[in-house]
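The following block contains the structure, expressed as structure tokens.
Each chain carries a letter (A, B, C, D, E and F) given by its place in the written order, and its residues are counted from 1.
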Amino acid sequence: MNPEPLVYLNGRFTPASQAHLAIYDAGIVLGATVTEMTRTFRHRLWRLDDHLARLYRALRYTRMEIGLSPQELAAVSHELVKRNAALLPHPEDELGLIHFVTAGEFPTYAGSAGGGARTTPTVCAHTFVMPWELWAEKMRTGIHLVTPSIRHVPPQCYDPKMKYRSRMHYFLADQEARLVDPSAAALLLDLDGNLTETSGANFLMVERGTIVSPPERNILPGISRATVIELAARLGIPFAERDLQVFNAVNADEAFLSTTPYCLMPVARLNGIPIGGGVPGPIFRRLLDAWSEEVGLDIGAQIEQGALRRTVRH
Amino acid sequence: MNPEPLVYLNGRFTPASQAHLAIYDAGIVLGATVTEMTRTFRHRLWRLDDHLARLYRALRYTRMEIGLSPQELAAVSHELVKRNAALLPHPEDELGLIHFVTAGEFPTYAGSAGGGARTTPTVCAHTFVMPWELWAEKMRTGIHLVTPSIRHVPPQCYDPKMKYRSRMHYFLADQEARLVDPSAAALLLDLDGNLTETSGANFLMVERGTIVSPPERNILPGISRATVIELAARLGIPFAERDLQVFNAVNADEAFLSTTPYCLMPVARLNGIPIGGGVPGPIFRRLLDAWSEEVGLDIGAQIEQGALRRTVRH
Amino acid sequence: MNPEPLVYLNGRFTPASQAHLAIYDAGIVLGATVTEMTRTFRHRLWRLDDHLARLYRALRYTRMEIGLSPQELAAVSHELVKRNAALLPHPEDELGLIHFVTAGEFPTYAGSAGGGARTTPTVCAHTFVMPWELWAEKMRTGIHLVTPSIRHVPPQCYDPKMKYRSRMHYFLADQEARLVDPSAAALLLDLDGNLTETSGANFLMVERGTIVSPPERNILPGISRATVIELAARLGIPFAERDLQVFNAVNADEAFLSTTPYCLMPVARLNGIPIGGGVPGPIFRRLLDAWSEEVGLDIGAQIEQGALRRTVRH
Amino acid sequence: MNPEPLVYLNGRFTPASQAHLAIYDAGIVLGATVTEMTRTFRHRLWRLDDHLARLYRALRYTRMEIGLSPQELAAVSHELVKRNAALLPHPEDELGLIHFVTAGEFPTYAGSAGGGARTTPTVCAHTFVMPWELWAEKMRTGIHLVTPSIRHVPPQCYDPKMKYRSRMHYFLADQEARLVDPSAAALLLDLDGNLTETSGANFLMVERGTIVSPPERNILPGISRATVIELAARLGIPFAERDLQVFNAVNADEAFLSTTPYCLMPVARLNGIPIGGGVPGPIFRRLLDAWSEEVGLDIGAQIEQGALRRTVRH
Amino acid sequence: MNPEPLVYLNGRFTPASQAHLAIYDAGIVLGATVTEMTRTFRHRLWRLDDHLARLYRALRYTRMEIGLSPQELAAVSHELVKRNAALLPHPEDELGLIHFVTAGEFPTYAGSAGGGARTTPTVCAHTFVMPWELWAEKMRTGIHLVTPSIRHVPPQCYDPKMKYRSRMHYFLADQEARLVDPSAAALLLDLDGNLTETSGANFLMVERGTIVSPPERNILPGISRATVIELAARLGIPFAERDLQVFNAVNADEAFLSTTPYCLMPVARLNGIPIGGGVPGPIFRRLLDAWSEEVGLDIGAQIEQGALRRTVRH
Amino acid sequence: MNPEPLVYLNGRFTPASQAHLAIYDAGIVLGATVTEMTRTFRHRLWRLDDHLARLYRALRYTRMEIGLSPQELAAVSHELVKRNAALLPHPEDELGLIHFVTAGEFPTYAGSAGGGARTTPTVCAHTFVMPWELWAEKMRTGIHLVTPSIRHVPPQCYDPKMKYRSRMHYFLADQEARLVDPSAAALLLDLDGNLTETSGANFLMVERGTIVSPPERNILPGISRATVIELAARLGIPFAERDLQVFNAVNADEAFLSTTPYCLMPVARLNGIPIGGGVPGPIFRRLLDAWSEEVGLDIGAQIEQGALRRTVRH
């Protein structure tokens, strides 16, 4: 009897404790990795097809062939989640599902270990338990964003519309943000000083009743962001894309992040300047309510109660 | 009895076949990895101190603390090389030594495997056998460089003076270069169209008797490049740094790459245009001779004969 | 009896063999030339007024006064085409009509020939027979586009919304593209890495049913592109302008070029990556059909048969 | 007896009145032309080898093969000048010699004239009589430079280190400058706002006794500028290259242009602001004296008297 | 009895002749000042709320707290205008109302005067009589705009959506424009060469029946511009925002400025090139008529007659 | 008997309490102000001529004519300092001397006060007592610099080589820096991510024994920085200019600021990362010692004791 989650790695389901990467995998040597993150609602993967479609766009751009159709990878994903969900600590917990593909083992370095060079991509899918405790307080009080001096990598270097893992700039940017406030996250500017995104979420703001977003040019076109656009259309809330600067954001009526794991999170401050009239704002509430309805559970309550559960446990 | 090379990983020497990274190591999740490559001459590490000094500059910039002094890491390195050199297939082979440091395991994902989050950096050192067969022909005929449309990441995103592994742009750039010529390598331009470096080497050219290099602003300040500067000074060959464009390179008297594994390699063409009067050029020869003298072996012959040995064997 | 086509040059119709430019014409000395290309369908000029309006916008921007009203230049154009069409090798051939205006003779150099400096612009109109044989195969298989390292000249140097002949960057860019594939054409990026246009055509792509184009900011606002916009409106196909990058294009459902001589041409690959599900795509077909209906002949068949005719002849 | 100067065109010496370019020459169609200008002192070409070396660097960059060695082209040049100098209106006049090479006839358009496409470059050399009258007054009073809003084309589009004829930006920039002052010339800024050059000359200034120039990155490396560097070295005047802005120039001690036809010209004002303490400045004088000595005639007097001669004649 | 206008300064109404700023006020020391300008129609402030809302957006961005609510500042403003309007030279004159807020007295310098450092912002409101005579002629003949080489400060330095007084670039740009024409004003380009605004007004143009404006990204979102947008909507004239270049403007059907003091002014020329078919254009007329109707007086006539009145007086 | 310091304002010496600027002075309305700061050592102005020369360079660039020669302004300055030094609270205190010139009163606004428009520049000189207490602690512990997201204004907007007062970007940048640490100052990056300067000082660092500075292109060429260069030359310490990035600074051996009021200040940290091996560094010490010797007093002790004196007093 094995209580350990499984990992899908290069064609096989493996116990997590035995799923490793070689130290000369291209994912480590080059950071030449594309990735996706999907989550479950009630233990079912949400919008997996959209996530996989985005993954395959990244594979096409990076010229990596994985030998699996989207349908095959979807089947693997559902199987993996089904198995690992059975191990969740609590029935109201949920899983995050990670896919990543690297360019495979780096032959020169691999050679020293005596093995033959494998030149096909490394394909991995693994899950993690939603860490409610990381988000619960920020869902109530809003997150503090900071624009660091580190800038987002421009599309002519590698394109942010692909979800990739050469994320040194995110790593450095978040370090700068935490100098201002240990709980802050970086909101990166592009090379022209336009707002882009955080290391883990899209940025959205409300201006005179319209939800406004940086254009898709230099951000990840988030599936959660797409959900916001669809929910807004349904709720009759206008949506627009436009290059935005810090000036716009600090004068917004409200601002929030959208991302797969926690769906939406209100933004309380940018560079220490409070945004709008306190969090959460009315548009945020309407969107989160509509989203909750869509997925059949109260997203905010799930986070709140999940976090409480763990706090108690510890 | 163990014929397998060892790997230094997080404080321990481990047989290579047992040295892996967790799939949620930050090196894989973020590409937040700094690295070095040193090589041996006659099985002794060459300029290890310079390589480690550069590694520690990268650690300072990325705020990673590894809990090892440069002296301690040097001792580990010498020990590792000593052990693995004993396993070399031929006494005239040499080792490459890789150091890399990642930001450690990514706690959120790690949690799903039930383990506690380790927040200290992952520190690894491993070796590989110099792949002479990859270089021998290009040492004779010169390499073909191509300027791709993909541009180098600018220092305000993350600084190329640090040796890092968020190298998606290199990966994409080399793909573009190989469209022109399967044996070509990308010579990346910066955002202003200046020449920078290839994915694995510094670019140097000769103009009216002077060795000219792109400035250190947006390239890795290579240890081999530093060796070129020192040898040139000794040989009385002037050296200068200046922003260079394709026009300069195609009109150079000669051009070559410098890098740790093969030291120097002549450049035959840029974007299909032959450079100078055939390879290798006279300055290249003088530098390689001086370097060979410095390290007590004929660098070109070592590559040539090493490659021949392997061809024969296969 | 003169079987030779005529050329309109500075107010007179001249046999082609006697129509030259002085070696010190500003068109040669400075490349300070604005131009247009119109074509016939069934020997009648198509959308000549639109072409001339664009020419006069370029004249206004460059401050050149040609002493001819658009109506007068139109009359000249129709007359020239009428005369030269009579000489076409086959009744189903068509003419291309070139207009160009240079800043006139460059007085300093002209002086050496003893003539007085003419400071009025040089105005020329001439025709050529549509070279069907150049396009037929690409109409079937699609063209291969390549993004070179050479970038498009930005509007603050001289504006691409003017059709001009200072085209050194096109010349160099196409050379780079042909390194990848001798039949490829360059798709130039702007200084920020956005897609612009080829040296002879606008680039258009289809994304989720919408035709998407780079914005008019830094491309020639093509008359053929305008035709696409009109035809799309009539066919109920949405059209949008947006900054596009290589990532968008390689993930498009289909892509094609629009230009005066061959109207539309499918794009098969970008940087070696196949676009969509094979050429021609469904939107391309619908547009070409509608265009053919508009001009009263089958555009694709005309090219196909015209090319076949010439192949047979040779 | 033929008093007409000759032109070298595609292998033949032709009377100037019969030397034309086809209207579909690539020089006209694309502006894809590289060029040189050399002048005589006492009817002998000065530094022809340097000019031809620069021409061949441009040919290499543009991948044009002209089938003539530099030595052959030099012989043609000397012959042409010898013949045309005999026709000079006055023995103290001098010749300018132009070389230009275009990509040859543009086959598609050429086809319409019935001729076969010639794909070899067009090679031309022609002369003109030095127009002293254009420079005499400015040599005394200094020229007025103006920084227009039109910017210089950056090297990543096409490289200014090549002397080319896709000069639409020069044409537009000089128009803007003449709005300020009909006798002014444009001093173009690069995209970052640094001073570059005028449409016909290099810009040099004096700061605390040192001659300072924009760096060679985005200017033509003028032969006259090289002469200034050599003369300055001989005279013990320091020379330096540095990115310069308008602020530097208006605060310079003196400023001047260097170019082949008139060698040196003092700059009186930039954007209406007087530079230094009146023209010509002391360094200018020393340089012009040294240059005059070098070439064995008084350069300033030659211009002055030549202009006077023509004024009298007219 | 006091015929002198009042000034509101730091909480008090003061006679104008006694309202000064300390020489070490941050407004003078740093130019760290935000400002607004409102005007009266028939002695009533027009759209004051919009102006104050914009002022408070600037205060939030600059982190200045003035201790007055918008309502309180509005009350002060109405009071000030009521008092100063009573002193107007003629009943048909109008007032301009300036608000400005500086960062307060600069403590280090203030110390030398012996006073304690005041760290609260300086808040001032003052009025001026509309200078009709400055505008009357340009309303008839149109203004001449010139694009100078000086560029607009980009939002990543400080944001033009805030009305501020660090306007050195405006000062320098207008100097350059006046070199071309003493009555011209600068139309600044942004760093990419896009049209932005003049030092005192928004730029708008008409293209095929649509009013087109530079996007709000790097211009002040003018209240008068907003009025134009509203009037255009009412009149059924389309309005669009798009990056525009000089090429667009010289080929516009008409162009005009919008700004608080004179509402609208036709643009006659850009860089000497006439725009459209003479001023004022038809859209300009319709907008000015609608605006006049909105405010209950003939705006053009008020300027014309006001100017005439003063000319007569002088 | 008047214990109040004097101010020189527009030709007159005025008691400080009566020296104001009109609220419509261009210094306030436009920030169109150029300025200088000089200090005394032992009550004598130090390098006044250098400061005035820099002021006059700024006046030339901004086309402001003040009607005073540098000699006359120097005489005024010495007189002012002589008078105000007599009022210093303690004989070991020193004065800072400010000069500023604005474009004069802004005529439109001035009109409302009934006065005639004065179009000549406003010229002011005033003094302040050196605030030792602001610097003493940082001289011991070093200052913390932070690179904010706000970038330095580039020279093509207005040139940083001029000392000006359109300093909104400094104001905003320092606000961002103080979010990280209330005692931190901003070290602004230019638009390419290069280090420039703080709002009040030049940045210098030591790398392998050489003092390295950002190039003069986009910083104020500080008189104190010039002093460092001269002292370094005398001490045999090499000095170089080079574009520097954050990576260079955090890996420097030491770093310090140079500026008129406190001469030199060690930099302890950049973005929280300690620089070198603790402050003050050895080069800093040598420079400060040499400077102290030059001016005949112990600069560090003067600050330390001055601060102590004031602390005691309060």
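A few points about this structure:
The criterion applied here is as follows: contacts are C-beta pairs under 8 Å (C-beta built on N, C-alpha and C of every residue); 3 or more make two chains touch, one makes a residue touch a chain.
None of the values given here were measured: they were computed from a predicted structure.
By the document's definition of touch, common neighbours of chain E and chain F comprise A, D.
Repeated interface, listed pairs C-E, E-F or A-F, reference B-D: C-E, with more than half of the contact pairs matching by residue number. The two copies, chain A and chain F, are related by a rotation of 180°, based on C-alpha atoms and rounded to the nearest 5. The centroid of the Cα atoms in chain D and the matching centroid in chain E are 46 Å apart. Computed from the mean C-alpha positions, the centre of chain A lies at a distance of 45 Å from the centre of chain C.
Each chain gets one centre point, the mean of its Cα atoms, and the points for chain B and chain E are 58 Å apart. The multi-chain contact residues of chain A, meaning those touching 2 or more other chains, are 63, 149, 151, 154, 156, 189, 193, 246, 272.
In terms of inter-chain touching, the protein chains here follow a pattern that is not a line, ring, star or complete graph.
Per the touch definition, chain F reaches chain B in the complex via residues 189, 192-193, 242-243, 245-248, 250-251, 272-273. Here chain E touches chain A in the complex through residues 57, 60-61, 63, 154-156, 159, 161-162, 215, 217, going by the rule given at the top. Residues 4-5, 7, 9, 16-17, 19-33, 62-63, 84, 95-96, 98, 100, 102-103, 108-114, 124, 126-129, 131, 134, 149-154, 156-158, 164-172, 175, 191 of chain F are the ones touching chain E in the complex. Taken in their complex, chain A has these residues touching chain F: 146-149, 151, 176, 179-181, 189, 193, 246, 271-272.
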